[in-house]
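One chain, chain A, links the two complexes that follow: it is found with chain B in the first and with chain C in the second.
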Partner chain A sequence: MKLFRPAGKEPLWKDEFSINRADEQYVSRRQFTKFLVLTSLGMFVGNVWILARSWFRGTPVYPEKNICRATDVPVGGVWLFRYPTEKDACILIRPDEETYVAYSQKCTHLSCAVYYAREKNRLECPCHEGYFSIKNGSVLQGPPPRPLPRVLLERRGEQLLAVGMAVQEET
Partner chain B sequence: MEPRNKPIQKRGLTAIDGALALIVILLIVQMWLLTATLESYLAGHHEVVLPAAIISGTLFLICAGLYLFVRRIDTEARSERKDKVD
Partner chain C sequence: MFGYEFYVDPSRCIGCQSCINACAECETHRGTPMIHVDFLDRTNTIATVPFVCMHCEDPTCAKVCPADAIKKTEDGVVQSSLKPRCIACSNCVLACPFGIPKMMTELEQMMKCDMCYDRTSEGKRPMCATVCPSQALAYVPREQIERLRREKPTNTFFFGKQKVTTKVFMMIPPEQDALSVDVVDYMWEEKA
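And now, the complex of A and B:
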């Protein structure tokens, strides 16, 4: 039985604890690189998913829908309705006697419900103080990145109808 | 010259660190690209979606190439060390 190890050889503890620091650094870096590359793959898949959604989207069909009678909305008043589906809240505004405008009520920032600020004649989002123009739904101030989608209206006699939606360009 | 005298493992680590830094930069660009594409898509600008997917794919391929480079360096450094030990 050997009692002493010859000089110049690795110490005994290295046999017992056989982890090499330099090797370990390599492994951790390699694994981290692998993780980053998989994340990169995830980003690419995300882009492909958007591409697929863009290619396979159908032409949106907007039904005609009765909103209310024109006289139901007072000047400076609003009427809430849902269009094109029951999940899409919209707001109809009558800023003056002859004008009716309607927009999606979802703020384009984080989907909070916008309301009509009559005294300032604009649509306001209470969450992050995003303001939208009443004329065309464009962003006046705040974090929203896009204008509000506009509901196309048609007046037939006394009846107001929603006939479509217009997604507007960024301003 | 110091770099030549550096042990192979140390030089390999430097190369791997360089590749890693490059991958991180490319990943940040890819993240920005994804968010910008989603934003444009939701805004109704569908024309940007295809170029963005192509660029994202290219960035991924570069990242994958760098990963293969890291693996190769790793394997070489390991085999060198093994030879030394043997």
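And now, the complex of A and C:
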């Protein structure tokens, strides 16, 4: 702030932390205008940056990855795996004979691990009782703001593969 | 009470301690007086002097406060430390040239005379001035004190090289203009 202050004036902290109670809370018009201009400028630059980023960002490429053999997972059972990187925990569920679904295991609220509640046939987060649908990962109840990211699966013979992540709209 | 000022006259103090008890009755700091009644030279005389906060125009206590806890209001009254800010460092206690601030160790907060802000801000006189039987502590208009007293009110003090101007007036001999105190004068007994 030294750039904006004329030389020979009291240091800024003496102005900001004045002994007088009235001066302490006083905001001059110039100060207020400066604040407004700088904040709007900051927000403008930030928005331009976000816009530029979304323009230049390509679609993400996901690797193919073997998960397991289809027979490894019993009906009503789950299989834990990592996709797309080793840090992203995912859960594969086989709710009935023919269906396989997989979701990221991180709850979209505060990243607790969700588990499969077989008797209710849904994914449950134990931390704040957020429930997700097994059909499409949408939020059934609780604080999670977004559906669970879905892992796209492909079956080649007996082998199950993860081939990508589906971006899901907010419900 | 517009035009009313606080006058302290040490020569009138009889050491009755009424002001101490009146101050301690205040609701904002019940049981703890904020006024000082000091013996001047206890071995040689019974003379006492009452000290309220002088409410300096440029308060040293507030200037040395590292926590920004001591504030002056628009009417010139320097307030007690703000409880959420005071860190009980005692800087103000050591820095005040008049020795006014008191460190309340059990509260971990500095408290001092605020000229009975709850009273004076709504037109009442400070507690000590209402009870002082000899009016060594007087809260009266300027004309009245000039008419009734031989001494002259001053609010300019010199502590060594530091000039202090205050809101509260001290009654001094009429031939003087300001009160000058140099600590060095009192450091060696045989000097005088």
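Rule of thumb we're sticking to: the second predicted complex is superposed on the first by the 113 of 171 C-alpha atoms of A that agree within 3 Å, B and C clash if a C-alpha of one lies under 4 Å from a C-alpha of the other, contacts with A are read in each partner's own complex, and residues count from 1 in each chain.
By definition in this document, a contact is a pair of C-beta atoms (placed from the backbone, for glycine too) under 8 Å apart; a residue touches a chain by one contact, two chains touch by 3 or more.
From a predicted model like this one, the values you see are computed outputs, not experimental measurements.
Touch criterion met: A:Pro145 reaches chain B, while chain C stays clear of it.
When both complexes are overlaid on chain A, the residue A:Val167 reaches chain B alone and has no touch with chain C.
In the superposed pair of complexes, A:Phe35 makes contact with neither chain B nor chain C. Once the two complexes are laid over each other on the shared chain, residue contacts for A:Phe17 go to chain C alone; chain B is not touched. With both structures placed on the common chain, the touch criterion links A:Asn47 to chain B but leaves chain C unconnected.
Touched by chain B in one complex and by chain C in the other are residues 20, 22 of chain A. Note for the complex: chain A touches chain B at residues 20, 22-23, 25-26, 29-30, 32-34, 36-37, 39-41, 43-44, 46-48, 50-51, 53-54, 145-146, 167, 169-170. Within the complex formed with chain A, the chain C residues making contact are 58-59, 62-63, 68, 70-74, 79. Interface residues of chain B facing chain A in the complex, by the touch rule stated above, are 9, 12-13, 16-17, 19-20, 23-24, 26-27, 30-31, 33-34, 37-39, 41-44, 46, 49-50, 52-53, 56-57, 59-60, 63-64, 66-67, 70-71, 74, 77-78, 81.
Residues 17, 19-22, 24 of chain A are the ones that touch chain C when the two sit in their complex.
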